[in-house]
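Going in written order, the chains are labelled A, B, C, D, E, F, G and H, and every chain counts its residues from 1.
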Amino acid sequence: MEKVKVDFEACKGCGLCVMACPKKLMQIGSKSNNKGYFVVECSDQNACISCTSCARMCPDSALEVSK
Amino acid sequence: MEKVKVDFEACKGCGLCVMACPKKLMQIGSKSNNKGYFVVECSDQNACISCTSCARMCPDSALEVSK
Amino acid sequence: MESRIVISGFGGQGVLTIGKYIVYGGMNAQKEVSWMPSYGPEMRGGTASCSVVVSDRQVGSPIVTMADAVVVMNKPSLSKYLPKVKKGGTILINSSLIDTKADRQDINVVYVPANDLAVECGSARSANIVMFGAFVKKVGVITYENAISVLNDSFAKKPAVLETILKCFERGYNLD
Amino acid sequence: MESRIVISGFGGQGVLTIGKYIVYGGMNAQKEVSWMPSYGPEMRGGTASCSVVVSDRQVGSPIVTMADAVVVMNKPSLSKYLPKVKKGGTILINSSLIDTKADRQDINVVYVPANDLAVECGSARSANIVMFGAFVKKVGVITYENAISVLNDSFAKKPAVLETILKCFERGYNLD
Amino acid sequence: MQTVYKKSEMLTSNPTHYCPGCTHGIAHKLIAESVVELGLMDNVIGVAPVGCAVFAYNYFNCDMQEAAHGRAPAVASAIKRVHKDVAVFSYQGDGDLASIGMAEIVHAATRGENITVVFINNAIYGMTGGQMAPTTLEGQKATTCIYGRQPRSEEGDVVNGNPVRVAELLATLDGPAYIERVMLTDPANVMKAKRAIKKAFEYQMAKKGFTFIEVMSSCPTNWYTSPIDALNIVKTQMIKKYPLGVFKDIGREAK
Amino acid sequence: MQTVYKKSEMLTSNPTHYCPGCTHGIAHKLIAESVVELGLMDNVIGVAPVGCAVFAYNYFNCDMQEAAHGRAPAVASAIKRVHKDVAVFSYQGDGDLASIGMAEIVHAATRGENITVVFINNAIYGMTGGQMAPTTLEGQKATTCIYGRQPRSEEGDVVNGNPVRVAELLATLDGPAYIERVMLTDPANVMKAKRAIKKAFEYQMAKKGFTFIEVMSSCPTNWYTSPIDALNIVKTQMIKKYPLGVFKDIGREAK
Amino acid sequence: MSKKILMKGNEAIAEGAIRGGCRYFFGYPITPQNEIPEYMSWRIREVGGDYIQAESELAAINMVYGAAGAGARTLTSSSSPGLSLKQEGISYICMAELPCVLVNMTRSGPGLGGIQPSQGDYFQTVKGGGHGDYKMLTYAPSTVQEAVDILYDAFDKSEKYRVPVFILGDGLLGQIMEPVSFKPMKEMPNPNTKDYATTGKHHGKERRIVNSLYIEPEICEPKNLELQKKYKLLEEKETLCEEYLCDDAEIIITGFGTVGRIIRTAVDDLRARGIKVGMIRPITIFPFPGEVYKKYANKQSVKLFLDVELNAGQMIEDVKLNVAGKKPVEFLGRLGGYVVSPEEIIEKVMEVIK
Amino acid sequence: MSKKILMKGNEAIAEGAIRGGCRYFFGYPITPQNEIPEYMSWRIREVGGDYIQAESELAAINMVYGAAGAGARTLTSSSSPGLSLKQEGISYICMAELPCVLVNMTRSGPGLGGIQPSQGDYFQTVKGGGHGDYKMLTYAPSTVQEAVDILYDAFDKSEKYRVPVFILGDGLLGQIMEPVSFKPMKEMPNPNTKDYATTGKHHGKERRIVNSLYIEPEICEPKNLELQKKYKLLEEKETLCEEYLCDDAEIIITGFGTVGRIIRTAVDDLRARGIKVGMIRPITIFPFPGEVYKKYANKQSVKLFLDVELNAGQMIEDVKLNVAGKKPVEFLGRLGGYVVSPEEIIEKVMEVIK
């Protein structure tokens, strides 16, 4: 299962989570949502340590983290 | 001649000059002006040391001091 | 019947209070009344006055332009309000502070040395009460008994001064 | 003759610029013109559009409610403006970003894969120029020469990019 | 698996209109989370400003009043007087709070109103398109100082004037109980900011006085930078002029 | 015999409407004398406030503008921009400057406008009849706090709030060049106050920035005291809350 | 009704509001209405309410917005320049449809003007001093007793229609002392019973949003149309007007507020001389009692209207809009703080009937 | 006249003011007029003037008071809520008789409303949003070129009469881009040549006092009467109005500002259908061109008037005051930011002629 869930329509592709992730797991993807933003994705769900850094930085509450 | 000249109509009888005079020469008189104020007077022009304290305190520029 | 009155003097001379006494008296007598102050820009000093109306009908304008009676407590008030006394009306002049005479023949002029009389009665600050006494006698509007009861009510909480106040009133009422 | 045009897309897609090019062209051709933007509350993102009028007479309302031609650069714009094309009018649709079809039979529908073509021409950000080219070909309003001269003027200070720009324009102009 | 972080229930499901990477969104979350953690969800009223956060009433999942430009502290003060035991917060930008609303913030503060003010300092007028704010840095460009803010000319005449430090200014007053300046540049600072906001609400509920959190924020759009560069600017340039820290804490003083 | 003190020629012959013993009159004189001594008589514009000094334009013998309540700093700023080499001063009471005009004074100060503001702090609204001012002392009675100013209740709810110290508040800004608080209680302090005002004008003419003199004043009428007792209250009570001194002096800092 | 007591207009109005359930007051000193905040500062706490001396009129009106939005019965008062400062806030309150009561004891203008009575703010009050299309239920009382009675019911009306109630007085009404009596105390309804009010208790349920922003025309226009509908309703239901001796009148003198009481004296005195005059005195100036004017404009016996105001001619436009050219409308105005006297009105009437 | 260039209304207006000699600008950002302060912030310093981004609209209008009093040519601009905040200052400026130019790019109200075009501030502008009796010379331009030309002469007129000149625009006028041409630069007259201006040089001579306080009615009333006289003079000299195809018109459509250009299209289109319509478009809304309406109201051929506004009906009162019941006056209004279209006007005309 996904540790980091991305709300596809909420993400604005700003990249703050990318910067925040200590494991450098987040990256801007190649798919854009209805608003035209390229949405972020987690490159390796298994490597995620569920530290919530990405989610805490997200201005749009687009990330949900589980462990 | 008068060292301390009082502008009879300008004085409002507030007594600030009375308080200020180091020689305690100023006193509220018994005559009132057109506005109804009892005007200050200098009790002893000779004793005046022309220190200007009275005049500097007067809010209504009613005093002129000479020496 | 409508009495239109102006009372004027320095701020601090108690002119607004005279007006209120008349109004209270009017209320006691079941009349319609109004009281309207007028101040200058000065907080202290300067001239204060009030317009008082005591009437049998609802009071229209509370601002008295032409007065049945005028009370003046200081000099600037005399020159200002003398022309505003109606023909046949009355002016009461505080002759303690006003040394000029009223040069009108068509009105009643009453000189009241209010400050001097007040000092005589032992209350330098009650010249206005003396004037009120003179007013009730010379102008009327309210009766003697009514006026006494107004004073009694007003000083109900200060019985200590009431006696002097009544003395001042009587002195004005029994002017001559 | 009056042409009333709407151009709409995301903020940042250069839709306001397409409108300006058309207006400059109109001015070159001695026409009366107006350009009127419309923004949402968003500073970035959100939908931006502009109304353009090119006319032989003084422009009355610069706000285009029913359009002779519409250019839509993103999906929300298509649903919003498709009903606003006059019968017999034209809609240009950026098919790179809009996957739905326009279901109206009474107008001309032109699909322009503007982003794809722009990328092809080496300037991903010039989809609007491709669209401008397609517009000049399919709708007219201004002539080819006029459009070229507008672009030349607009990029006079950036000769480096002019070539790519013209390439994009041509690609749109020679769509099919 | 267990969810360790998700969207606060004090936030509605409405998508925000904020630009990508704008820290307004982060600040919203911190308020929401603080309110939830303090159990104030059913005991809180918010006041939205005029500025990019003008639609904040769409995002906070509680009763909200939208105030006129700059007047949120007056609105919040009055609400508090009516509902003395309800948590009341206002949320304001720098144009709103430090320019047009300067009198209202100073007076709510000096009165010592038991409210919490969250002040978003992004050194620019966001909503209206990037004009100079009272907090715009020296040298910073804005649409009303296109050559960069210049306080005065060489001759000594005023050109654009100097920026104002609101936390320091309010700290001279007796009414505030707690004043802190924080930033949102990274997860650690975000956590710190949240602790500050939470503490402010705690003080408010204890009726200690006026509480004020200045949040150093970014406006990538009107700074013409990427969201990440914008955070770097906060970290490297803004906090030189606006140092982080606690400017007043009557709790601490009391000890 | 030689005249050693007489009425300044920067004052008109109009009698003032101020109450007996009101220190407004003294403050007027100090400004007038400073302007004369600096040779600025033909190079000065004053701005009058709304308050007891609303008629100041009748008393200062120079070009004057009467400003709307609280807005004198905005008016003075604009005048200065038009006449950059003319001395411009505003004269304001505490209601005018510290209450309704708080935004304007803070912003003229932070911009660093080359103007001189003389702030008459008498802890009361004089002209309108003795209502509470932002500077009214704790415990002091006023017509809108007839039991004495009480900042907050025992339960911690705000009642009348706390007084504000304007000199200290403005001193947190970069724009001011010189800020001093003085009082007018005796000839020595009057002389000191005059030196401060004069220095403020000197700084202004040297384009050093915003200059501000807070003058602790009295309002015998609305304090219900004699003029002399009023000055004693200033000396014994007011300066406890509003200590005298220099709060900013960039001349001194530079040394 | 209690026994009549002598009271200054301002204080009586304040007490009238308290009796009407007012529990929150926000204000800033300005002559000639200072006795209202002064009285409120101690009185409102006696009845369990709260008071803020706001830092300015701007703050005061926005505090009204806050407290009214929070469900409280809220009053503010000021005088002309202060009202100008409140215009933005008033416009907000009208769009947000918050109930509250506002008082203007008008003084002479423009600018700092003077502190004497004036009616120069009629236009500001009823046409819209603030931006956008809005109206307030506006009363212009002519005596202290009338003012007190209006205040007593003002909060009920305001909450019924969700419009501010505005009291347009003047320095005369504020400063006069007249005998007045008061009705029994009403309590303020609990804010929780108000379905628009923010109380902090609606997380996740139907949140209350107090707002005046409607960025999309699709929403902003219907919202405006709703307001207009409400104003129409006010016209139908709340128009109030005094007609005095109009039945057989040939000349109708008209004026609002305190001028009405002066006109009344003039009418009595003119009638005593056998001149057939009457008075129309709008008690509400919005809604304006246009129908009353129309009625008399259509009446054969009426020869002309004389409008009397303490301004350069403001209500006269509303009078003319309704008289609609059917009869001449003359004007008598005093400016700058002068109060028109019955004698001047009589003189003017004598002049126009010549 | 220089070559036409394409410019946004707001920027063109700013440049028009500069060409007219404006050298001081004080303003505060608000949509939809931000391009005016933005343009001014750099442009005015190029021509030797100065600019302050004021802390608020309140500060801005009081800066105008200061700079105008100091003899400078001064401009400020804002939009609806900002104008509400400026009402006190405007009233001061009018009483102090200071020349200056004020712009309102109206947006939809009331309250925070929306940012789309509206004409909801007509009443505020011409009836008196501030306190007291005052008027401003008020223009309502319909195109960018007309606005620019008005701005070019606005300072001269303002100084001639010592009244503020007010430009009542709307979001449409501010945001539209149209071709426009400019006249040559005028310089600002030296403040020392203005006999009302504070310059600091008049100690002991005839001091200049800029003031709006007249505490005694004996002075305040004559002062007010002087203002009224000046407003009469403006009515005589400065009334401007466009009449379009009115000569044989049976229906007269009327509207101000940008609505005028939309009416023109409708008139042309209706004429093309053979319907006899014309347009009256007041260019000055104070003074209001009442005589023009009277002329057509008295004309046999005219059947009715149709007033079109982007509000709930404001100018219609001035129209009706002049039509004075002689002809029906119909109304078509859009609210909340919608701009009326020629088609709607045509439809309305077809409806009323039925």
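Everything below uses one rule, namely that contacts are C-beta pairs under 8 Å (C-beta built on N, C-alpha and C of every residue); 3 or more make two chains touch, one makes a residue touch a chain.
Model, not experiment: these values are computed from the prediction.
Listed here as common contacts of chain C and chain G: F.
C-beta contact counts were set side by side for F-G and A-D; F-G has more.
Measuring from the averaged C-alpha position of chain C to that of chain F gives a distance of 41 Å.
Between chain A and chain C the centroid-to-centroid distance comes to 86 Å (mean Cα coordinates, whole Å).
Spacing of chain E relative to chain F, judged by their CA centroids, is 32 angstrom.
Rounded to a whole number, the gap between the C-alpha centres of chain C and chain E is 62 angstrom. For chain G, residues that reach two or more other chains under the stated contact definition are 55-56, 58, 81, 88, 92, 112, 115, 211-213, 215.
Residue positions of chain B with contacts to 2 or more other chains are 12, 37.
Residue positions 19-20, 54-55, 66, 68, 81, 99-100, 102-103, 106-107, 111, 127, 129, 134, 160 of chain E each touch two or more of the other chains.
Those residues of chain B that touch chain F in the shared complex are 1, 3, 9-10, 12-16, 18-20, 37, 50, 52-53, 55-61, 63-67.
Taken together, the chain E residues at the contact with chain F in this complex read 81, 84, 99-103, 106-107, 110-114, 134, 151-152, 155-158, 160-165, 168-169, 171-175, 206-209.
Those residues of chain F lying in contact with chain H across their complex are 9-10, 41-45, 47, 54-55, 57, 61-68, 71, 74-79, 81-83, 86-88, 103-104, 106-107, 111. Across the complex, chain H is touched by residues 50, 54, 66, 68-70, 95, 99-100, 102, 125, 127-129, 131-132, 134, 143-147, 160 of chain E. By the touch criterion stated above, chain G contacts chain C in their complex at residues 4, 6, 115, 143, 172, 175-179, 261-262, 264-266, 268, 339, 341-343.
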